[in-house]
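When the chains are written out, they are named A, B, C and D in that same order, and each has its own residue count from 1.
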Amino acid sequence: MVYAISIILIGIGIYGLMTQKNLFKHLISLSIIDTAVNIFIIATGYVEGGKAPIYTKSLPNFAIGKFVDPLPQALVLTAIVIGVGTLAVGASLLVRIREKHSSIDVENMKGVEE
Amino acid sequence: MAAYKALFNLVVAFFLVLSLEGIARKIMARIQRRIGPPWYQNFIDLFKALSKHPFSNGWIFDFGVLMALGGALATAMIIPMGSITWTPFPNSDNFFVIMYLFAVGALGMAMGMVGSGNPWASIGVSRALTQMLGYELPYLIVMSSVIFFYKTASIHKLIELQRGGWNLLVMPLGGIVAFISLMGMLGKKPFDIMIAPAEIASGPMVELSGKYMGLLHIMHVFSVFVEISLFVDVFLGGGSFGWYLVKFVVVWVLAVMISSVLPRFRIEQMLKFYWGVPLGLAFLNALFVLLGWTL
Amino acid sequence: MALSTLLISLLVTSVIIYFVSKASWRVGAILNFLIGIFLISYVFALHTGTTSDLGTLFGQKLQLTWTNASFYFSAVSLMVIVSVMLFAIKWLDSQKYPAAFNMFLLMMTAGSLGVFMAADLVTLYIFWEIAVLSSMLIVPMGKKESRKAAVIYAVMSASGTYMYLYGAFLAFQRYGTLNISEIAKQMVSDPSTGIKAAIFLLLASAGIAKSGIFPLHTWLRIAHGNAPDAFSAVLSGQLVKLGSYVLMVTVAVIPSLRVFANIPFYSGIPATNYFLIALGATSIIVGTLMAIKQDDMKMLIAFSSVANGGYILIGIGTMDPMGFEGGVLHVFNHALAAAVIFMAFASVVYRTHTKKISELGGLIHKMPITFLAYLFAIISLAGIPPMSGFISKWMIYQALVRKGMFITAFIAFFGSIGSFLYVFRPLAGVFLGQLPKKYKDVKEVSPVMWIPMMILVVISLIIGIWPFPVLQPIESMRADFGIAPMVKISDPDHWLIRGFAGNWNPVLVFNLFLIGFIIAYILYTMFPRSKKVDLLAPHKEEGTPINIYTGGEYIYTPELYHYNTKFYAGFERMYEKHPSWEKVLGMLAKFFHDLGEWVHGWFFRPSPSAYAFWVSLTILIVFWVRW
Amino acid sequence: MISLLIAIPLLLAFVSVMWKRISKSLFFLAAIVNLIILLASWFPNGVEIHAMGNWKPPFGINLVLDNASFYAVLVVNAFFFLVSLMPKFVESYGTSLMLLMAAANGFILTGDLFNSFVFMEIMTITAVTIASKRDNFYNAFKYLILGGIAGSIYLLATIFAYTATGSLNMAHVSMAAISASSLIAITTLYTIGLGVEAKLFPLNGWVSGVYGGNDLAPVILGTSVSFAALYMVGRLFGTVFHGNGAEVLYTLALITIVAGEVAALRQQNILKAFAYSSVAQAGVVVAMISKGTAKSMGLAYFHLTNDAVAKFVIFLVAGFLVYNYKNLNGVFKKHKILGASFSMATFSLIGFPLFAGFQSKLRMIMALFSMKDFLFPAVMLLATLIEVGYVVRWNVRLWFEEETQEKAETPVVASTIALILAILLVAVFLKPEIFLNGAMKMGNALADSKDYIQGVLSVVKGGM
């Protein structure tokens, strides 16, 4: 079920990229795709009825079946950070595009030679 | 020995063709219902021209005339007359040699005349070369089919091989095409666009005066001799020197009679004419020779 | 020294020559000339059979060998190149890039010699590309139009060369070796004719591109017309012969008669050879018809090179002993004639700075020696007896008539009669007739420029009278390739060339012509002396009578009395609306250009949304394909 | 030892953020040190592992140094070193160049799939910052979007690999038996993910904008970054997935070659023309890699090295020309050395003899013919034919047209480097072993995955 959500989100992101004319919306749809992939990663690590993979007094013995797979969660942390990085660079570029081409709308951007 | 034969060739050529030209003027006059000058009129014209003081248009003009006369003389010396006995150089009278040595004369004359600086001469020469393009092609096709059929290109062997029957009867189509091209070569009436007196003041000959006129007239005499004897040797071969002279006169008279009744072709008409029926017949003849359907 | 060290040292010296002629181009040009002389002496001293290898590529040994064929072709090329080098010593002062000219000329010589010595297909490719590269960098040194010419030249010869390369590797893959003679041996016994025909045609395509045969001949007009004048002499005299050499290799070294014995097409000639002969015949027609039409004299001779390239291909293609020797001898004749004609034009352009026939006239009065050189060269090019041009054409006709190939014979005759027309056009338009006012003070070119012309003309005349020094190497070459080796064609002790249908005695015919000339001269002197008419009267002060057709009147504008534009108007009008093959190739180039537009328009669009669309589309397609 | 290759540039990058002024010399320092480390430890015999934090390979992230990655890192760092020699050229981009160098080295050396995703993202981001030099913001932004999408697809593929094999370590993944259907998904997504960086056909929209936009980007992105990306293509499709999904790569690459050449033919701007030419050459390399044999991969990287050197010279000279002259007619008459090296590089691109391109192109065609593949040589020769068209047009225009404006001062360092590289190209023609041995070792290392797996999983050496 969670897979379906992430695939829909990816669809939305790509649709946003294809149809929107405003560049900032491209950036947002890019981050939508990023989050969708992250959701997908988390979903792969899910174990039915599993607990958070942290050793606590209540779970002293080493019970594999009980834990949710910790690795995808670690991966998602880095993936989110990278998503933020891309977003930051994209936003700063948009500021400079606004200065140079006096608009961030694909249609009426001046000075864009093909 | 060969030198005497060559000299004999030149003498025969000179007197035969000059007197024939006189006779030609007589025939043309008769056809046009007038009496015409005596048969030796051409000799008189020639010697009168040679005795006059001419104007020379520069050294290339003289060199051209000499080259033309030299080429014509050289070709006339090689031509066999009627049979092996009268062939000055038996092992070197190849058809292509004669054709191309003849071209030396033509090129020399063309260069000399254009060198005279008169635009009429250049126009005349350009027409002459285009006409050459016209009549040479069917002629060469027919001749190559003759060579292919008789497996030899040397003229006196061709004469020998026609002992059985004239080539004209073996390859009638070839003979007709060759005769039409002969008319073009001679520069006779239907094909005398290059020296059209009315339009371009006799074309290349416009600047000739006195001695040069005479020398080129001699050159014309020898080239006529070469062209007709080539036709006679290849298509009406066999027989002895005597018969050769008779055939020579018959062919000449026929050509003159045709030319005296026909008007002049324009340059495109002439090309379209030559590259139409004669070329078609020439290829047809080549096909027959290839398939061996000769008579 | 070994062949490979010779070639490599030549390449290195070409770079040194660049720096030397940077200092003073005259010294560079003289050095070039001396190297040329050394090369000639080296080539004549070499004895056949010496081999030296060049290194290995992928386990295949790259070798150079010296055969009769390489001797003949190198001698012909060097003759042309050295005479142009001598010519260039004075001519280069009118050029913008003399240093680069010297360098690339020497590099091109090295490339061509390498091609003639190559024993295997890849070495041939290496030196072939060096020759193409260096000649491609000389062509744009001309005027404005020559830039485009260089690009077209490069692309056309590249297309030929890459087809050749594909064929070479096809042969490598099938026969496991690159060495030409081994390929020839294995090809004879190879059953599948399809592959053999493919290899044959692909290898021949380099020759077709380079020697300007029909489908790939359009670069000749532009490249020769616009290249620096002396270089077009080398381009058409020598570089085009590289193409003929490769054609000879594909047709003769690989014994096409035995290899394609099972598909005879017409009187013993296999279909593949006949296809090449058909291409050669078409290029004769195209070359002659276009040459008659041209007003720019260099383009006119460029088209004549197309036509003569066709002759060479027909001669070699028939593989008939007579035809083969005629074709190879025609390489020699055309090389010399074309070189002299282009050098004559170079001197005319050097003095008058115009290439158009319609703007020139009457130069015989000012440049008589150039005129004489040009006159004798066109006599040889048109194939008229005293000069050597006649012998090769005569041999080709003999072969064609013997094989009964009447259509090709017709085209060959058309080509040779047509050559009278188009060689005469510059003669009448440029040299004879009236001298225009603006060329009043044109002087004859300096001896350094007309001596090489005269040397080549004298060589061609001597070979025309006594052709056996050139016929012997050709005969031995023919024996190498095993084309009816027992048939003896040249027979020096009887002064005869034994043809199939009658013999040709060059010495006798020349003597006859001389005797005729002497008789004419005697007649000329017997009769009253002639008075000289001063044709240069219009250039003297007003009123001097010219007293010929102007009836004593003074001519104020001599140009109006000179007939040189549209010289054969009657004939040209007959084929005015002819389809132009250049446009067809132009359309092909345009197709690639439009493909680029389309690709750019669709895939490299400005807005990022297009990228997203293409990424997702590719994912879908690839998934769909692989599922 | 090898982790220093990543650590030093990273460290110096952060240091240079504090002292903006000396960022150029820091970049030069980083490049020098990296090169010295590499040259000191020449080709490793067998596979060397450096487990990060001493976690044994299948569990922890490890850096792998075998013949393949060593050659790739060596080439990449060499180009970075060459760029660092030209401080005026680098201007204020020292920091991002150092980051790019760290990311590229990491991308090549890492043995872990997710780790390679992280390094790829860093590379994309730093490449975007470099691409935005000379106000090329819009093209940089487009490159960011495309890079972002590619990154997420690459991540998706890594996760699929993880779910299918349970491990992220490349050696482990290549050892495990993956079911056919998931293998299709993984390889397709990887093709797309890497396709953008490797400039495959529909995905290379960004190339002309980024390379054509300024003078620094093509020099560094065109050579070292694309080398890293194509190395990863070889690593993934050669070692990890044993040539699965190669036909897709092959067809895409062939289309890329033709599309790149044809697009370059119509281009009037010199930088964009040669940008498309590098697209086409990348297509040639990817097609050769997809053939899968050790020899074809080795020749692919030999061709890529020649092409990279030639492209370095071409973009260096073209960048200088575009930003110093308004119209380029007859410019080389004023800069003979630049002109000579540019022409030698372009002729090496076409494959004329006397230059390195000839060696690689001819050997590739020979190898392809012995592999009975007749289509690819035909496409390659057609592409070269088109290439001859526009290369000769450019050369003739730059050398022989009448020049108009006055002479800008020649960049001494840039022209000497260009000349040295051009002479290197000629040297490679005479003695191809200079690049060929390294490339062949790389090809063999990439092709046989057993040696890679056995090396990574059995031998564990503690890291620093």
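What we mean here is this: a residue touches a chain if its C-beta (ideal position, glycine included) is under 8 Å from a C-beta of that chain, and two chains touch if they have at least 3 such contacts.
Just so it is clear, the structure is predicted and the values come from calculations on it, not from any experiment.
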Most remote chain, CA-based centroid, reference being chain A: B
Which of A-D and A-C has more C-beta pairs touching across its chains: A-D
Closest chain to global C-alpha mean, per-chain Cα centroids: C
Chain A-chain D separation of Cα centroids, rounded to whole Å: 28
Between chain A and chain C, centroid-to-centroid distance (C-alpha), Å: 68
Centre distance in Å when chain A and chain B are each reduced to the mean of their C-alpha atoms: 98
Mean-CA-position distance for chain C and chain B (Å): 35
For chain A, residues that touch 2 or more chains besides their own: 17, 23, 26, 112
Touching two or more other chains - residues of chain D: 141, 145, 149
Per-residue multi-chain contacts in chain C, two or more chains: 608, 612
Those chain pairs that satisfy the touch definition: A-C, A-D, B-C, C-D
Complex contacts: residues of chain D adjacent to chain C: 141-142, 145-146, 149-150, 153, 184-185, 188-189, 191-192, 195-196, 201-208, 245, 248, 252, 259, 262-267, 347, 352-354, 358-359, 362-363, 365-367, 369-370, 372, 374, 377-378, 381-382, 384-386, 388-389, 392-393, 395-397, 399-401
Residue numbers on chain C that touch chain B, as the complex places them: 362, 364-365, 371, 375, 379, 382-386, 390, 394, 397-398, 400-402, 404, 406, 409-410, 413-414, 417-418, 420-421, 424, 427-428, 432-434, 496, 499, 501-505, 508-509, 512-521, 523-524, 527-533, 535, 547-549, 561-564, 567-568, 570-571, 573-574
Residues of chain A defined as touching chain D within the complex: 17, 23, 26-27, 30, 33-34, 37, 40-41, 44, 71-72, 75, 78-79, 82, 85-86, 89-90, 93-94, 96-97, 100-101, 109, 112
Residue ranges of chain A in contact with chain C within the complex: 14, 17-21, 23, 26, 106, 112, 114
Chain C to chain A touching residues, read off their complex: 606-609, 612-613, 616
